[in-house]
Amino acid sequence: MVKTLPVELIADELTRLRATNPLVHLLTNEVVQEITANVLLAVGASPAMIVAEEEVEVFASISGALLINVGTLYPSRLEAMKQAVAAANKAGVPWTLDPVAVGVLAYRTEACRDFLTSKPAAIRGNASEILALAGFAGVGRGVDSTAGSDLAIEAAEQLARSTGAVVAVTGETDFITDGTTTWATPWGHPVMTRLVGTGCALSALVAAFTAHAPNRLNAVASACAVAGICGARAAKSSRGPGSFKADFLDALYLLSPEKLLDESK
Amino acid sequence: MVKTLPVELIADELTRLRATNPLVHLLTNEVVQEITANVLLAVGASPAMIVAEEEVEVFASISGALLINVGTLYPSRLEAMKQAVAAANKAGVPWTLDPVAVGVLAYRTEACRDFLTSKPAAIRGNASEILALAGFAGVGRGVDSTAGSDLAIEAAEQLARSTGAVVAVTGETDFITDGTTTWATPWGHPVMTRLVGTGCALSALVAAFTAHAPNRLNAVASACAVAGICGARAAKSSRGPGSFKADFLDALYLLSPEKLLDESK
Amino acid sequence: MVKTLPVELIADELTRLRATNPLVHLLTNEVVQEITANVLLAVGASPAMIVAEEEVEVFASISGALLINVGTLYPSRLEAMKQAVAAANKAGVPWTLDPVAVGVLAYRTEACRDFLTSKPAAIRGNASEILALAGFAGVGRGVDSTAGSDLAIEAAEQLARSTGAVVAVTGETDFITDGTTTWATPWGHPVMTRLVGTGCALSALVAAFTAHAPNRLNAVASACAVAGICGARAAKSSRGPGSFKADFLDALYLLSPEKLLDESK
């Protein structure tokens, strides 16, 4: 059964994030590193991109959370990612997978399938990616990318059960599931698809919220909700993707748990 | 003979681009990947940076167009570029060359000269770069970088004839030629030189417009015109390069073929 | 003795920078390349990211200044950095070190210590980084990061004397020292810590100001002052880190030596 995430939960999770200001280790793609770092700084986390095999193990172990994003995967970065994941798991640091374009290209598809066996704490993707990762037939480019389709939610729930991860399948409405309970966060806006990195940055937010999280499902759902709420605000105040970007970062910075609660009354 | 590109042609090409929403494979430089992706998303194309040798051949073949930009060239990226170009040519996918700083440094100059033998569909550079690529004497830093100089136009026309590419030599006025016909798009603005990536993103726009283009010369010229018109609008509404960037992306997003035609009456 | 940098000096240095429009070779981290380039373009310098071992030696020798930033260090980039530094030293080109996160991770700490023996013209870091680089005990994450602490200033002065570099330890107030004279530039603003790359871009500004500088201490201090003054203006006009970024670039572009002097009267 799918329920809308209550604002009280979002406010609690945001308060917790700001109080802990978690260090988030990001192994993400070449294109979106700046906006990803800025989204985390704006919301109140501490991003760090540490990429060398000489440094990733130590850094993943001292971080609050780790993100693996395969957008611009290549062999040396993949090797660093594997080492970071192993170190994170050893240290009990939760790690999040963003399987960008999985199902479209064999190299990253195989890499992502391998990562699934390494106990991700969370997985965030669009409907195509979650369908591909869950092994549903006929996936790839051109698949119905509606996050809210029954098939996509079913794939997310199945993927959550088989991996133990909280899975977020995102679009105009996001669905977040641990395989049993499924939250919906209905605040997305189409303009976000016209700005590169909104999905990747959302995965980084998901990672940030999993740091020190007592309830991982609520943490991941709140990350999606925070992005959606701030995205909706920015979509309203902006004229296009250029002004949207500035307004989105400002909205994340200005978002307060108290105002969230006030406005929901 | 140089003629100003008619607005009707620009409107037609923009309508065609939006209808096809082409997938554009970008092998571009480290510095400008985010703005490049955002320019394509704003105008209505689908950018993707796929960089691994394990993935570039497949991806170039399924894309509508490919961009090669040598701004931050190094051996492994160059190797991926060569494989992508070969795959694109085999699949009939048009590819565009941005020869950043060619003529200044031997390594990239040699790489660019090699690429010229692989049938680029389009080449976009400033006057210095086009002069260097055409083998005109005395080129390099400090050369007259006026795109409209007789010498630069002559170099572009000669380069177009020798390679078969449509060549765009860009500056405050851009000149686009297939070696026989030469269009001018007189909408550039100096503030664009104070924001990194405007030239590189223009090359990505050129690539996007070449996808599925029935007339490659008009397609490339329209890409330059769209960038110039939106640049002029953003220059007018902004106070400096920071606000220009947001306004430029918004202008690309808001540009409509209908309004272009209306305003030209 | 610490004195506030006089506005007349800042105006002189900015006038000099704009007149020479120095070419600045940047070997910086993956995350901040775009904002770094944009800060230099906005203020009136010419940034270039040339990264291949095949090109760095030639390019460092023909540049006005070189920046080395170890934020996302890995072996092949480190090798290119070493070659660039050697070539810069041979050609008499000043180079600046930004020792991002030195003291936290062994690999970059060792690399930075090695770089200290290669005669940097300037070093720019936050208090933790300068303390770590100066070899003060107990450094690392969690150290008092107040640039104005007596310990941080002492570390900067000692580092300046032992390396011959001008050292800038930056925070809400920046302190810039050659080991004898120490300037303060008290214009920083906390919002700058919520936008990625403000520190890294400041190091690039420092490098730009060292190009062709008759007085290196005044040059480095003026770079810090220009960033601080424009940061304060942008902090005032913006609502959060998103609008701050655009306003900061605009402020750098609009800053004029004449207005600086007028406003200080």
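We call the chains A, B and C, going by the order they appear; numbering starts again at 1 in every chain.
Here is the rule we go by: contacts are C-beta pairs under 8 Å (C-beta built on N, C-alpha and C of every residue); 3 or more make two chains touch, one makes a residue touch a chain.
As the structure is a computational prediction, the values presented were derived from the model and not from experiment.
For the pair subunit A and subunit C, the CA-based superposition corresponds to a rotation of 120 degrees in steps of 5. The two sequence copies subunit A and subunit B touch through a face in which the numbers common to both fall below half of the numbers used overall. The distance from the centre of subunit A to the centre of subunit B, each centre being the mean of the chain's C-alpha atoms, comes to 33 Å.
Residue positions 30, 34, 245-246 of subunit C each touch two or more of the other chains. Residues 30, 33-34, 37-38, 41-42, 47-55, 58-59, 76, 245-254 of subunit B are the ones touching subunit A in the complex. Looking at the complex, you find that subunit A touches subunit B at residues 29-32, 34-35, 71-75, 101, 105-108, 193-197, 238-243, 245-246.
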